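Structures follow.
In what follows, chain A forms one complex with chain B and a second complex with chain C.
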Partner chain A sequence: MGRMRFWGSATMLKGATFGLAMAAGVLLAQSGAEAAPKTAVTVGMAVEPSGLDPTIAAPVAIGQVTWQNIFEGLTTIDRAGKVQPQLAESWQISPDGKTYTFKLRQGVKFHNGVAFDSSVAKFSIDRARGADSVNPQKRYFASIDTIETPDAATLVLKLKQPAGSLLYWLGWPSSVIVEPKSAADNKTTPVGTGPFKFVAWAKGSKVDLAKNADYWNKSVSVKLDTAAFRFIGDPQAQAAALKAGDVDAFPEFGAPELIKSFEGDKKLATVIGNTELKVVAGMNNTRKPFSDRRVRQALMMAVDRATVVEGAWSGYGTPIGSHYTPNDRGYKDLTGVYPFDAAKAKALLTEAGYPNGFTFTMKAPQMAYAQRSSQILQAMFAEIGVTMKIETTEFPAKWVADVLKAADYDMTIVAHAEPMDIDIYARDPYYFNYKNPAFNDILAKVEATSDAAEQEKLYGEAQTILAHDVPSLFLFVMPKLGVWDAKVKGLWENEPIPSNVLTDVSWAE
Partner chain B sequence: MISILIRRILSLIVTLLIVSLLIFVIMDLLPGDPAAIMLGTSASPETLAALRSQLGLDQPLPVRYLAWLAGVFRGDLGQSYTYGVPVAGLIAERLAVTLPLALMAIVLSVLIAIPLGVQAARKHNGVFDFVAGFFSYVSIAVPAFWVGLLLIIAFSSMLGWMPAGGFPGWNAGLFAGLQALLMPAVALALPQAGVLTRVARTALLEVMNEDFVRTARAKGLSDGVAIWRHAVPNAALPVVTMLGLQFTFLIAGAVLVENVFNLPGLGRLAYQALSQRDIIVMQDVVLFFSGLVIVMNFLVDLAYLAIDPRLRANAQ
Partner chain C sequence: MTKVLRRPVFFIGLVVTLALFAVALLSLVWTPLPPSRMNIVHKLKAPFDFGLLGTDQFGRDVASMLMVGAWNSLSTSILAVALGASVGTAVGVTVAMRRGWVELVVMRGCDIVFAIPPILSAMMLGAFIGSGRFTAIIAIGTFMVPVFARLTLGAALQIWTRDYVMAAIGMGRSKAKITLAHVLPNISNQIIVQVTIQLGLAILTEAGLSFLGLGMPPPNPTWGRMLADAQTFLGQAPWLALMPGMAIALAVLGLNMLGDGLRDLLDPRDDS
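Up next, the complex of A and B:
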């Protein structure tokens, strides 16, 4: 359509400086080819992945291009965030929770023709847990002691101690199955078992995929012949690309303040869902005055979360009271533990020995959500006599160096992207410097059981401890602002794990 | 003559070496570790150490610098930390966007500025001069990326005539490529055209009062012919000097416009490399820019020879 309409302007520009006659030829050839029903989709993303191998680098953009499209895992995670079998057909867990026996799917081939079997699965897991592994989630494989392959279709994982989340972790982008011949080159030319094959990567611009005609899973019918991911960082440019029809979908549109501008557009559908992005203002729990729990609680009560969501993200987003999202199993709404109450906050601050407040520095990354949230927090803290200075800290480079690695900060604000990462409060070292043996015990118990109901109960207890202890100011979960052509069907509304799964995507007539 | 050339080339090499050393040290002093950025918020110190040794980041600074330098002399610009591919290829891919973009912008700004400047000088202090002056001041004052946004709103969002950004690649056809570059080139060209109009007008005004222009008029040439044939070539020197300065500025300054139009050009590459602390890519891009400035200066010198017969006589 865009090209067709340009024809009018091209005639008007006749006599301009470059060769129109030849241009017209190209133009007609192109518009003629667009008559057939659509089997191609162009998906916009804000961030270009750095490399295309999710098993060797952390940026979520890598998984958002490759996970479930190119690469698959032993298990997978569905739209609802539930674990489902994938390259492992089924599994058995021994009563002591220390032996996992997987029955592997037969007849699966990688895009380069190599067959999937137990030796390939063993190779993948060994690669992720080995001494020179650079897997960003290597810790999730730490419980594995030995791997056995009694036959081509059976994989046995023997664990050092029970790991109740293992099946979930095996579904992650960082746990996908790769094969020995192509593994080293997956960074630039990924080879997996998924419904789409990698075609080309024009760096700085887009990644092209094409349907895998030999896809093993005959129970799904992949409607798309080709798919492209285009990378557009600037929100204004994202909006323009959507309106001009240059991209068909922006599953994670970058600017909530521009969402309203799509409302009048009948061609586009706006779908607001959930993500796993928890926006929290982490505090240095060993540094005064944040080492005093009452100070942290007082600061939490000084915050009106609804106003933060309104000001930082145009009212889209769900307030949270702990490091957990409504997507996650066993979620409890704990925003009522320390609700907004400036008078109580001031009283508690006086009790903690700061009747006249105090002054500290917020190291805020340059991203819009962090800057805006910081400014709102600054105003709210001022109400209870606390002065917050905002120091913009370049993300990721300087933030990773200063805050994450050196923990040299008072307070910071960042969206944590990893799903179900409440365990970061049990890690040592970690930038919160939060140390609570009771909390660590509960998370250890989660891993000790594989009973889902028991795990949910324990996750509830863990959330409650954090809500009361306030190691971070828990603010809100970012929404998934999906904007796409109203005829595009099958994209995920929510994002229980950062992804853009294209398997079920199609065009309505 | 040859010894002058050799001395000049030697001084260029020394300049490049100093520039590259400065960049390497500055990038190293900047907080931020490329390995930590790649591994994100969950990596253990042990994983980090493994990646650092894979990338060679555990080597001391002088070793890394010399290894890079030795590579450059062999024609190997090294591997990007983040993309994992040779940097030479990355730069070549990006140059295929930025170079045509800068050339288009230069051509456009000349096509706008020279007629405007000449006409303004001819109608000195008239209405046209005033209008042209107004145009150049406005176009100098308005930032290129803002012009870009306006163009997108008008021609992509509202009229739907042009793609809103992005680059289809040259294999999508010459027309598609030029179409994608047209609006960014206009955005880049306008401020340059503003400057160039002023330079052209001033240079021409000076020349127009010279005796030889009056003589040309006196021997019966029309006003227009006298100006285009005799005055304009003599006013070309300052204009060419300005163009040379502008070209290097355009290549480097395209970063904002490339961001607005989402073009995969050199400016975006440099910007990405800086935020990811991809030191090797930064290093190579800066070296490339420095080399480009030097080559452009050389070309401008050659252009002087072509334009000015007096210089040609001296050179012989």
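Up next, the complex of A and C:
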């Protein structure tokens, strides 16, 4: 409370200014008090997407503008993370799990007037799985052998082997249905079947959407007439835009340390939800000394996850013990497998042949969470005699080239955004260079069954293997720091998949 | 001494600069707390609440970080200016000695180097050899080369017209010997003044590079990065931005005042 003592006069001044601003705000609000509820919303995002076609590029920002607003899929993922029917009304799976028969919805039209039918669905999936496809999740379509369209309302997928997660994958932003004639231009002028139409994209500033009056789903009533996504990278500017009312909502606010400054502001609601953003410090598992499992385990024990969360993200976040979040199905809390114990860490390091520690380089992206977490890890490793140099590596371009593609690194740190992506540790090549046949086996079994309980048990086993092998240092799950106008209703509190679904958004009276 | 006291600008500059050097040197042997020790339980404490100047977002002692930051900033700047001054002076006096097409080529080359701001060259250099202290020294030093080259060229050309130089030429002394024996000693005052002023500029540039993440990597504290890190904490912990900001301003101000004072003091025309 020493702060009050020293900055009392400044606080009073701020109070007086705030009072004036409030008075002005009240006057302004009264002048328009009798108006009907607003039908426009401006949603803020930290990162501007590179294009607007989620089927050709990986950045999650693309889906966060377009998914469920402009584009829809055969299936969708609801706010609880469950698979729901969308452009496919229903489906049947053959007993051997290798034939999926979808009954498609009739009367659905794209924003350009073209009707949706089985040929359009076949086109979309063929485009995503084709030889020259650049779909970011192309491997999810690899199990599909042939696609048949017996009639306009039926789509049959014949698989090479069972794919237990296929329906879930079909709900992803990268699996949305696109229309053949307009598909090539979706990057700049997206055309979908969703409740909003694309209007304009002012590069560097915002994307405008307008209500699709002919939306097929009459069971939802879209309350918004227009919506805009505005891109503001700097957290200070994000806070200013929210306080000034230039932006109505920031579903993923950028700076946890600024969240407290919204408390006491009755106009704004602060909603802390969960996400799939797993912050992990990946190691190059084939490079010495990380090729020794004991070294990786020792480094894990040198880390006090709670302190990392406190220091890097102001205490907002949940420690994890494997590449899995508490909101994923079949989650097991494995933070106790290698808990913080510097003495044990040092002993294990000695056993592995590094009694005096070693020196390595951390390639850390420039984002605040990565920079701060690296500095905390650096201090923690120093306690067990390990010297970590930090090299800031610009994300995405340089990081993707150096780490993700070339795997030329010792350790790195990044938040993995995709839900249920524990299978990245089974991929070869992938930047961890982690190879464990037993682990790959379990993930193959997950796809071979469509029994949810069995899948969850297998996911539990997979998590346990990773917690013991420590291919990455599993740190924490980032929360979704949502800040929005208290009158805005219907935004997702949690983020089972990166998105900004506006279908149910409305303004309270 | 009375001459010194009659010039308050010089005097204040000298005191501030000496204090800066004293703090920087002291940090080599003593700081209140280890500057990179994190104590997250005590994060964002106000000045006097914890330590002299409070703590940052990781619970590190701001006073200790400022002290070590002073050393990091000063040592980088001194090396950069030393590089710029030695290369620049060598270039300047050599050109003054040779004249002709050499002068044309070298001075246009200097113009080109001068046109590239140090932040830009640090970024380019960083892309090749990685950013860090070495990159910062090279980038700032390179930028200073033309400054010293121009200064010494102008000053040396004047010396070359003096009678005693003419006499030396007449006696058959080599140009290189004349440069060492007559030209350099007579332009050293101007070089010293310029070094002081450029040192202030180098500190400012180093802070800028660190602010952008192109300076010394963590855990070495630098004033620029402290300032950058403080941005989002401005509302909660304004001292985190104020302290390094004031340190940079004070250091630059002190060196500039010292430079101005030195110029007055060493100017041979002002003997009244």
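Definition applied: the second predicted complex is superposed on the first by the 473 of 509 C-alpha atoms of A that agree within 3 Å, B and C clash if a C-alpha of one lies under 4 Å from a C-alpha of the other, contacts with A are read in each partner's own complex, and residues count from 1 in each chain.
The rule we apply is simple: contacts are C-beta pairs under 8 Å (C-beta built on N, C-alpha and C of every residue); 3 or more make two chains touch, one makes a residue touch a chain.
Keep in mind that this is a model prediction, so the values were computed, not measured.
Once chain A of one complex is fitted onto chain A of the other, the partner contacts of A:G311 are limited to chain C, with no touch recorded for chain B. By the touch criterion defined above, A:A57 reaches chain B but does not reach chain C. Between chain B and chain C, the partner in contact with more residues of chain A is B. By the document's definition of touching, of the two partners only chain C reaches A:R372; chain B does not.
In the overlay built on the shared chain, the residue A:P180 is in contact with neither chain B nor chain C. By the touch criterion stated above, A:K203 is placed in contact with chain B alone, chain C being left untouched. By the touch criterion stated above, A:P396 is placed in contact with chain B alone, chain C being left untouched. Once the two complexes are overlaid on the shared chain, A:Q236 sits against chain B and chain C alike.
Within chain A, the residues touching chain B in one complex and chain C in the other are 2, 5-6, 236. The part of chain A that touches chain C in the complex is made up of residues 2-3, 5-7, 10, 235-236, 255, 257-258, 260-261, 307, 310-311, 366, 368, 372, 374-376, 378-379, 382, 389-392.
Against chain A, in their complex, chain B makes its touches with residues 30-33, 36-44, 46-47, 50-51, 54, 82-85, 90, 93-94, 107-108, 111, 149, 152-153, 155-157, 159-167, 169, 173-176, 178-179, 259-262, 264-265, 268-269, 272, 275-277.
Of all the residues in chain C, the ones that touch chain A in their complex are 36-38, 40, 43, 45-49, 57-59, 130-131, 213, 217-219, 231-238.
Those residues of chain A that touch chain B in the complex are listed here as 1-2, 5-6, 8-9, 17-18, 22-23, 26-27, 30, 48, 50-51, 57-59, 131-139, 187-188, 202-206, 230-234, 236-237, 239-241, 243-246, 394, 396-398, 400-402, 404-405, 416-418, 421, 424.
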